[in-house]
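Quick heads-up: structures coming right below.
Note that subunit A is present in both complexes that follow, paired respectively with subunit B and with subunit C.
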Partner chain A sequence: MSLTSLTFLFFGLMVLLIYFVVPKKIQWVVLLVSSVIFLFYDNLNVGTVIQALVVLVPTYFLGMAIYKNKDDAKKSKRYLILGILIILGQLIYLKYTNLFLVTGNHILNLFKVDYQFGLVHRNSLVGISYYSLIMISYLTDIYRGLVEPQKNIFKCALFMSYFPILTSGPFIRYDAIENELYGKHKFDYKRMCRGLVRILWGVFKILVISQRLGMFVDTVYGNLAKFDGFYTIIAILFFTLQLYTNFSGSIDVIMGISEIIGIKLPENFTLPFFSRSITELWRNWHITLGCWLKDYIFYPLLKSDFMQNLGKKCKEKFGKKTGKKIPMYLSMFIMWVLIGAWHEGAYTFIIGSGILQFIYIFLEETLAPVAEKVNKKLGIDTEKFSYKLYQMLRTYLLFSIAMIFFRATSVTNAIHIMKNAFVWNPWVLFDRTSLYKAGLDMYDFRILIYSLIIMFVVQLLARRGDIREKLFKQNIVFRWVCLYSLIFIILIFGCYGPGYDPAAFIYRQF
Partner chain B sequence: MEREEVFERLNNVFRDVFDDDSIVVNENTTSNDIEDWDSLEHINLIVAVEQEFGMKFNMGEVTTMKNVGDMVNIILNRGK
Partner chain C sequence: METSKSLERVHTHTHGYFYKTILKFICFTVIFCFLFYYVSNILWLNKTAVAYFYDEPENSIDVAYIGSSNVYTAFNSTLAFDMYGYTTGMMTTASQPFMDVKYLMQEVLEKQNPKLFVIDLARVGIDNDVYTEEDHRRTLDSMEFSKNRFEAINDFLELQNIPKDEYLDYYFSFFMYHNRWKNITKESFEGEEIFFKGYVCSKYTVPTIFQKKSTWTDEEEKLQESNEKVLNELIDYIKKENLNVLFVVPIKCYNDENVIKRTNYAIRILEENNFKVLNLNKEKDIKINFSTDLYNANHLNVYGATKNTLYFSKYLKENYDLPDHRDDKKYDSWKKEYKRFKKQYKKLTKNNFDDLLKDVKKE
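Showing the complex of A and B:
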């Protein structure tokens, strides 16, 4: 169920309506039933039901067992490991089999063996990458003594499948959400208004900006022989924005719905494109994934005996400062490969949102002292706006280059796209017709530029405080003009797929 | 073990980990007070403290302790 579909609109409205009508004691049941409907809406069969149960049932019972044996470190650790193995085992079986098969095929090719494994198609439930990790953190938190296990298996099922977060996150933590998830919520008019504004803002980002950018990107990437040079460069830069507006727009819709219900979710994005380095960008992009990996992979890895021993040996060999950094970078590398693989079990993702990001961060860290020396020698003031702007543009460019892999169909395809970008044809930017042949005409470009300006201005304003609160404090005329403008912009300028173009009726006839 | 003694031994650990002999920690010292104390150094610090006191923090404690006072509480509780 797509977050911007009419089905989801209807579904969301029904959930909210029923949620606030039923007795408060059973509000959580409404959420559970809706979540189960959402989970199986596109994909109901025996296999998928088993998939969900394979995560839920062991997590529930092992959670209890870990808690009961909390004084017996060995036993509780054994239960924890068993739980993680079951959840991860299923995730790997469903989502990563092809990655292993493809790797196997490459190895066979390398040794000139005349055999290839056939790839498999496995039907997995929506949100499996999210709820698998969420349940691992639940078990681990019980083990670490941070939370008590949920005694009611149905409530545990709701935590696992809370429907708003199944499509795009954010990752939730049991201790942070427990009270609100099962709690009683009164309908609150102001909360509803705030939630609705956030939903509209998300829909604006997705339908008006992201879909439009996608039309250009799809056209160029779909016909690399025809569109090269500056077409490719623009498509590369556009794709990053497309991804951001789609992803963060979905998060806005999700947060908006949850806010109306009365359940606060953690923020997942805070202005990544104003970041001055890739390190900073990742602190603002998919924040909850970063936190999850830090707490459940990076820290334990760094603290493990293996890394500590490695650190000791490296310190003896390379000195204290450098020696300390080697286990850190090794742990970081492992973490980034996992981040890439989490996105999708394919080499394009492992490279694009994994290894390349690691290389960027590694270079940023190791070259920082050199850059500092150069800047000092040349007398460059790094706190001046021009320098900050240069850093932001550089970050955006580097990130976009990595995202070529994210979008490409294969590693070869990604390299093809990169080569394509080096064709020299700057005239397509200025001859007033060429640029409009790649999926977006002049009107679309104008809408896109104005929408992007609106988005960035609003985001900059939001940096200085709660912008929705400020909007609600304005007088009624201004408030309604803003809201209606947003609604009409979405209705008129939104891209609703081929064959449906409301804007054509309204202004293209003139 | 007295609280003062724990602080004294912690001081040495901090000085060693952060390479700074001027560090003096107290109950309210946090990562904001020591320049190099970021999330990575935090793990190195934790491991060094574990070695000094012959005990183990669990990951829950590692991520939730708010200041050096919290750390001392955990160390003293473990010693009981």
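Showing the complex of A and C:
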């Protein structure tokens, strides 16, 4: 069920209506039933039901067992590992089998063995990548003594499958959401208005901007022989924006619905393109994934016996400073590979969203002293706007290059796209017609530019405080003009209906 | 005492807030609907005669004429009113699929109670599967939001085997038309001035093109199965509702002889069911000249339309009991539209329509 479809609109309205009509005691049941409907809406069969139960049932019982045996570290650790193995085992089986098969085929090719594994297609439930990690964190938090397990298996099921977050996150934590998820909520008119505005804003980003950018990107990437040089460069730069507007727009819709219900979800984006480095960008992009991986992969890995021993050995060999950094970078490398793999079981994602990001951050950190010296010698004031702008553009460009792999169908395809960008044809930018041949005509380009300006201006204003609160403090005429404008911009200029495919959300597959 | 007063104040305040909120919500929705209607009209650039039919006051239509472009280019309802005083509402759209006729009749009956239905047979012989989405959309999207429209859409989509998940695109035509913002012009805001109570007179219907007259054969060819089913369903519907109906075959160049044969087949079925069918191609008194009275192979120009209207409006007056509203002030809009048509004619041809009328009457 696409977040901007009429089906979802109807579904959301019904959920909200029923949620606020039923006795407050059973409001959580409404959410559970809605989540189950959402979970199986596109994909209901015995296999998918088993998929959900394979995560829910062991997590529930093992969570209880871990808590009961909290004084027996060994036993509770065993239960935790068993739980993680079951959840990860299914996730790997459903999403990563092909990655192993492709790797196997490469190895067989390398040794010139005349055999190839056939790839498999496995149907997985929507949101499996999200709820699998959420349940791992749930078990780990019980093990760490941070939370108590949920005694009601149905409530546990709701935590696992809370429908707004199944398509695009954010990652939620049991201790942060428990009270609100199962709590009693009164209908609040102001909260509804705030939520609706956020939903509209998300839909604007998706339908007006992201889908329009996608039309250009799809045309260029789909016909690389025809569209090279500056077409490719623009497509590369556009794709990053497309990804951002699509993903953050989905998050806005999700946050809006949750806000109306009365559940506060953690923010997942805070202006990533104003970041001056890749490290900073990742603090503002898919924030909850980064936090999850730090808390449940990076730090445990860094503190593991293996890394501690490695650190000791490295310190002996390379000195205290370098020796300390080796296990940290190794843990970081593993974390980034996992981030890439989480996105999709394919090498393109492991490289684009993983290894390249690690390389950028590694180079940023190791070259920082060199850059500082150079800037000092050349007398460059790094606090001036021009330098900050240069850093932002550099960050955007580097991130966009990595995202080529995210969008490409294979590593070879990504390299082909990169090569394509080096064809010299600057006239396409100036001859008035060429640029409009790649999926977007002059009118669409105009709408795109105006919409991007609106988006960035609003986001800059939002930096100074809660923009929705400021809007609601304005007089009614101004407020309504803003709302009607947003609604009609979406209705008229949104890319939906026959000829468009609003359901093709980039992040939905995760 | 003080506590109860303050509680009362809180209570009143809560009530006030509640009603204020409801009122705001209603106002917001009403303004939204108004804006949406306005924007939809601007974006929907293919406004058809059907849309104008809905504008007519309740129970004010004497004849409901349902059919394709062969109706709205050939029958000048404002002239018919000027001549005989009865009103003809045009439920017409270009290339109107015959399967839509039943639903359009139902649409007419929602607000009108005509003494006569005239049904155009121009497309009875066209196979149902030949129609494009556009042909159907012109009619379906012209219809007002109703159960009847939903049923018409469902019928069409089932016939075309359209996947269920695409149905919403048809129910809510805005999904389709919102993308027309690129084609908005000054005219989109001002509205088109080419419809005169459903009759179309524009720069396209004035020119003359020489056409070869097609020979009407009396041979028959069986209708496509689905077409025959549609025809039989229509017959059943008319009988069930006990409606007064006249079927008409319009004048045009029939390049495809099979269409003539299939039309003859349909005529026979209709006549067997005791319906009156008037084949205008056989009415020599109309005196259509194929070298001067058509603007393309399928359509009469303004001269041909005048001849056709003079003949057919008289036929209707003589054969059916139709009232004369010319002295009734409630029907002044018909007079106004006739005047506006004459102005349009003068603008397009630099001549007076009354002169043309005199010439035609002399012939």
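In this section, the second predicted complex is superposed on the first by the 496 of 510 C-alpha atoms of A that agree within 3 Å, B and C clash if a C-alpha of one lies under 4 Å from a C-alpha of the other, contacts with A are read in each partner's own complex, and residues count from 1 in each chain.
What we mean here is this: contacts are C-beta pairs under 8 Å (C-beta built on N, C-alpha and C of every residue); 3 or more make two chains touch, one makes a residue touch a chain.
Values in this document were obtained by computation on a predicted structure and should not be read as measured data.
The superposition on subunit A brings subunit B alongside subunit C with room for both. Shared-chain residue A:Leu491: touches subunit C; no touch with subunit B. Looking at the shared chain after the overlay, A:Phe11 reaches neither subunit B nor subunit C.
Look at A:Tyr299: by the touch rule set out above, it reaches subunit B but stays clear of subunit C.
Contacts of A:Asp441 after superposition on the shared chain: subunit C is touched, whereas subunit B is not.
In the superposition on chain A, A:Lys324 makes contact with subunit B only, not with subunit C. Aligning both complexes on chain A leaves subunit B and subunit C separated at their closest CA atoms by 43 Å. Per the touch definition, subunit A reaches subunit B in the complex via residues 140-141, 144-146, 294-295, 299-300, 302-303, 308, 311, 320, 324, 328. Contacts from subunit C toward subunit A in the complex involve residues 21, 24, 28, 31-32, 35-36, 39, 43, 166, 168-169, 172, 174-176, 178-179, 181-182. Contact residues of subunit A toward subunit C in the complex are 6, 189, 441, 443, 476, 480, 483-484, 487-488, 491-494, 496-499.
Contact residues of subunit B toward subunit A in the complex are 19, 39-40, 43-44, 46-47, 58-64.
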